[in-house]
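Input: one structure, supplied below.
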Amino acid sequence: MQDILALALDNLLSPIILCFVLGLAAALARSDLAFPEAVAKGMSLYLLFAIGFKGGVAVASNGMSGQLGLSLLFGVILSALIPFVAFAILRAMTKLSVTDAAAVAAHYGSISIVTFVAASSVLEAQGITFEGYMVAVAAAMEAPAILSALWLISRKGGGVDQGGHLWREILLNGSIVLLVGAFLIGWITGPEGKAEIDAFITAPFKGVLCLFLLDMGLVAGRGLRQARGEVRGGVLAFGLLMPLIGAGFGLAAAALIGLSLGGAVLMMVLSASASYIAVPAAMRVALPDANPAISLTLALGITFPFNLTIGIPLYLAVATAILGG
Amino acid sequence: MQDILALALDNLLSPIILCFVLGLAAALARSDLAFPEAVAKGMSLYLLFAIGFKGGVAVASNGMSGQLGLSLLFGVILSALIPFVAFAILRAMTKLSVTDAAAVAAHYGSISIVTFVAASSVLEAQGITFEGYMVAVAAAMEAPAILSALWLISRKGGGVDQGGHLWREILLNGSIVLLVGAFLIGWITGPEGKAEIDAFITAPFKGVLCLFLLDMGLVAGRGLRQARGEVRGGVLAFGLLMPLIGAGFGLAAAALIGLSLGGAVLMMVLSASASYIAVPAAMRVALPDANPAISLTLALGITFPFNLTIGIPLYLAVATAILGG
Amino acid sequence: MQDILALALDNLLSPIILCFVLGLAAALARSDLAFPEAVAKGMSLYLLFAIGFKGGVAVASNGMSGQLGLSLLFGVILSALIPFVAFAILRAMTKLSVTDAAAVAAHYGSISIVTFVAASSVLEAQGITFEGYMVAVAAAMEAPAILSALWLISRKGGGVDQGGHLWREILLNGSIVLLVGAFLIGWITGPEGKAEIDAFITAPFKGVLCLFLLDMGLVAGRGLRQARGEVRGGVLAFGLLMPLIGAGFGLAAAALIGLSLGGAVLMMVLSASASYIAVPAAMRVALPDANPAISLTLALGITFPFNLTIGIPLYLAVATAILGG
Amino acid sequence: MEMHAAKRVEIIIEAVMETRLTEALRGAGVSGYTVLPVMGGAGRSGEWSREGQIGRSGMVAVVCLIRPERLDGLLKAAFGVVERHIGVVSISDTQVVRAERF
Amino acid sequence: MEMHAAKRVEIIIEAVMETRLTEALRGAGVSGYTVLPVMGGAGRSGEWSREGQIGRSGMVAVVCLIRPERLDGLLKAAFGVVERHIGVVSISDTQVVRAERF
Amino acid sequence: MEMHAAKRVEIIIEAVMETRLTEALRGAGVSGYTVLPVMGGAGRSGEWSREGQIGRSGMVAVVCLIRPERLDGLLKAAFGVVERHIGVVSISDTQVVRAERF
């Protein structure tokens, strides 16, 4: 227990978290500190490439441990299933409309890759290994949740813009393609390929992550400032409760698959986190009547910082207690 | 003496200075070499974050040496005081209007963080240590000069737009917030935090600084080309004289505080340098009638290269002579 | 022979090539993966700076081997000569108009710096040294081809916009200025200067190159998708044939100059590659009636990937066979 | 110089809808348009800014110059896409010189 | 489609004044506007370009579509901010379709 | 507020031609203009996008506000540059407040 608290505190005082807090504080204080859109996008491309590549190299080095297929399958199931749970809770706990509830549910079924990256960093710092292919599981969990949300809506009689290329857009979404592509390149080129570009993708990684989280803090803070009125009461409580429920599902899946401790924590983090890049864009196209401010504020302003600060150490503690160190 | 000349020459032939010269030459020759605004902004965010963080870590490692408070106080006094000196000199030596003179004066009271960074690099290359908190002093010196300039104007009967949020804008200016925030994060996380992101903030730092100075050379060259007519005679002389006067004040303050040799050089550099980011924006808001081309050309086209090439080695030589190696 | 195939395969499976393929595939599949313009430009500035600087340092370290002047001269001659060959082939093999043929010819006389960089990486990985000043030869080969193309047009009675500053624009083109400027700075500051910024220009270089090639794959793929109709038959064949002819000229020149094996391969690569940055801009100004899609698709969509995958190992094999390892 | 009456249609729309809009325009026979970036704005759905964003968030401005007789077709196509979405459409009279282009 | 007359006000103003301008607009009851980036320009105070700049230098273009009757209020609010500053304001007639939005 | 009739000329032109155009404008006595970035577009020469490009590719939009009597001079100067190039020019009626500036 003491260990967990120490770890949580350690985590809270890491440069990564403090950078997010700095961004959040600057935005709430209405500083004009801001990252250009191109710089933010550039950092996110770098992070996706690096994390995908390193995952692929890990698979090339350690082999597949036979569970890649099973993990992907469970990832897809979790992503498709969690929106139903989230939707039911939202309809029970909040006054959100069917459309808004479905849109929020889609975000929570999908994943936040930055939360995943932050969790991997914590694991690495603790010397806890994890399955390299978890990054492929992350990619596989991006999209199914969107399908579930659209199904929920159409079942409730809501209109969904199933425009010709919605599916291509979702499945060939830039972040999925980059993550999976870099994963494959890492897998093909293996440790030799990694040696060639290690100084680029490994050494500066954590520093870039710091600046990226600073920007995310700024964006989250601006969102919170503007949406102050809309996210409160039941909706707010959902943003803190849902990650715990998601993490529970993730832990159960990890136990069924037989993932390592590190892999289980990452599966919990994926299930607990909410998308704020791929799903928002898809929802704007498919559910234009849903209010984007609600989902984004919940995902980025409530659940993301919750996972970053309390969630990750908590999931690690619970996984350690249940699965053993 | 020979040592000083050798150092000055060494400095002149460093990649940093040569990059600035390349940018300047390219712009004066009207090459279309240019950095996108987002890239320039991204590099400046990186430099502010790195320099702030490293300053904070230095304080965490070496303690405060008891003089942080005193140094901050003197920094604020210098920043508030220098504009009065600059204003008097400008009114005596040039035909600038009250408004223009006050605007220029505000730039010279405030500081140029890149000059500060370049000076720290020279000190580090010479193996001269300095107080880590000097970066906090730099942040503290950004704003007071603006207040002095506005007071000068209103005393002369000039109108000042004291619009509601001018003060928040100045004090929560992005570069101040990032510098101070990174300083605090560095202080809190200390050498352990630095170890995590060292490969990002230390190893590539000087290279990024080179590219940034290349861009500053380009911007300065474009400015000089356009403002050729406006900055000459007395105004030009001011741009070369004022840094020497500022450095003198800085040296006096450093001696009073009892700063180390390195700290004294940095205090001289801060006092000698002129702002070209925070103050120009504030002046546009508060003194819209002031001609921005004059201040910017002086600060970036005259004083900045003067400090970079001649100023820094000179201040180091003088400080060594007076305070002892 | 077996060695060559092994090398070719090795090259094909390097992260650099796979990144290009990923970008190409993503664009052809119409993924929305994209780099912001500012990020792409920032990476190209970085690569030009790093390659120029390292070339200059190599000259400072190893001396000039007496052949810089001769190599520059031959570079200029190749760049001026190849467009005539290309033009004749295009007029014989394709139905392109005089204007379009001249525009394409200009692209092939000039050079692709990224192909040059990729070839240097392959040489370095093979432990094959080359003359550091080849980067200056690359810069010298950018512009003469444009002059030849304009002369071709005007001889055929075509109108050329020789607007006042076309020549300044071409010769002071940003990429030439940066490449030559960084080369000079590297030369002046030498290994000491390099030591200061090595962690920036050497360690992460290959990783940045990977991301840059990913973006080039995206741009090439988008171009191919749109120009599908226009580039086929004879024009397409030209895009595969011309690099081989260019490489032949390059090899002959290298043998005459007496370049090392590595230098000869780079001279072949420069002659074989086609410009897609400096020349397209110049052609838009001087030959507005030429269809830019043809040149760009050929240079970036056909010849660039050909050189990257098959060309470089092939040129290395031929040069080794003829000049000896 | 001889000038011809034309319409300038300015459509400010979510960036995610850009491809759908331009496809609809092409479907309506409008083959010329220009897309301008938008930094931020405000409307019934609140204020927003592009700074620091990563996804295809934000809006773009699509400007079409067309002959007056094609306006109805264009608007019909555009509204098919814009209708349920955040955004505004405005139509101004303008003049163009090389009328054969439009 | 039924169209309604409106005004398109385009204000090109220093980027540092953007927030002040949009606050003044909101104060005047104008709740819809779009901010476009500006790359460079020239005027009485000379030429400038955004390239390589770092601070909040440069200008932005703020476009407002409003009902004609609100024009005076908007202009008064805008000029309160723009007056002593570098920049230009132009007002064109335009038409909008969903009039209830403006 | 008193308003004065003016013309708003919008020239969408290849970025490589920007300097030539603005020099021609200055030559014709037009000293005020604003350059807006363009993200992409389509026309007779096909579709294009600025994303991921590196060179001075792409287009820009140059907006000039001028007194009506200066229109002819401006158009002549502009067409000298634009003529053989990709791009479009449109001219709209507009109104400005501080007429002495134009």
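We call the chains A, B, C, D, E and F, going by the order they appear; numbering starts again at 1 in every chain.
Basically, a contact is a pair of C-beta atoms (placed from the backbone, for glycine too) under 8 Å apart; a residue touches a chain by one contact, two chains touch by 3 or more.
Nothing here was measured: the structure is a model prediction, and the numbers come from that model.
Asker: Quick one: which chains contact subunit B and subunit D both?
Answerer: Output, common partners of subunit B and subunit D: A, E.
Asker: Could you tell me which chains are in contact with subunit B and with subunit F alike?
Answerer: Where subunit B and subunit F share a partner, that partner set is C, E.
Asker: So, comparing C-alpha centroids, which chain is the farthest one from subunit D?
Answerer: B
Asker: Measuring between Cα centroids, what's the chain most distant from subunit E?
Answerer: Chain C.
Asker: Measure off the straight-line distance from the CA centroid of subunit A to the CA centroid of subunit B, and report it in whole Å.
Answerer: Chain centres of subunit A and subunit B, defined by C-alpha means, are spaced 41 Å apart.
Asker: Any idea how many Å lie between the Cα centroids of subunit A and subunit F?
Answerer: Taking the mean C-alpha position of each chain, the two centres sit 45 Å apart.
Asker: Measuring from the mean C-alpha position of subunit D to the mean C-alpha position of subunit E, what distance in angstrom results?
Answerer: 18
Asker: Hunt down the residues of subunit C that sit against at least two other chains at once, touch-wise.
Answerer: 32, 34-39, 41-42, 165, 203-204
Asker: Identify all positions of subunit F at which a residue touches two or more other chains, and write them in rising order.
Answerer: 36-37, 56, 92-93
Asker: For this structure, enumerate the chain pairs that meet the touch criterion.
Answerer: Inter-chain contacts occur between A-B, A-C, A-D, B-C, B-E, C-F, D-E, D-F, E-F.
Asker: In the complex formed with subunit F, which residues of subunit C make contact?
Answerer: Residues 34-37, 40-41, 44, 161, 163, 165, 215, 218-219, 222, 226-227, 276-278, 280-281, 284-285, 288-289, 291-293.
Asker: Considering only the defined contacts, which subunit E positions touch subunit D in the complex?
Answerer: So the residues of subunit E touching subunit D come out as 1, 3, 6, 8, 22, 26, 31-37, 60, 65, 92-98, 101.
Asker: Can you list the residues on subunit F that touch subunit C in the complex?
Answerer: For this pair, the touching residues of subunit F are 14, 16-17, 19-20, 45-47, 49-58, 84-86.
Asker: Would you mind writing out the residues of subunit D in touch with subunit E in their complex?
Answerer: Touching subunit E from subunit D are residues 10, 12, 36-44, 59, 61, 72, 75-76, 79, 88-93.
Asker: What residues of subunit B sit close enough to touch subunit C in their complex?
Answerer: The touching residues are 13-15, 18-19, 22, 25-26, 29-39, 42, 125, 203-208, 210-211, 214.
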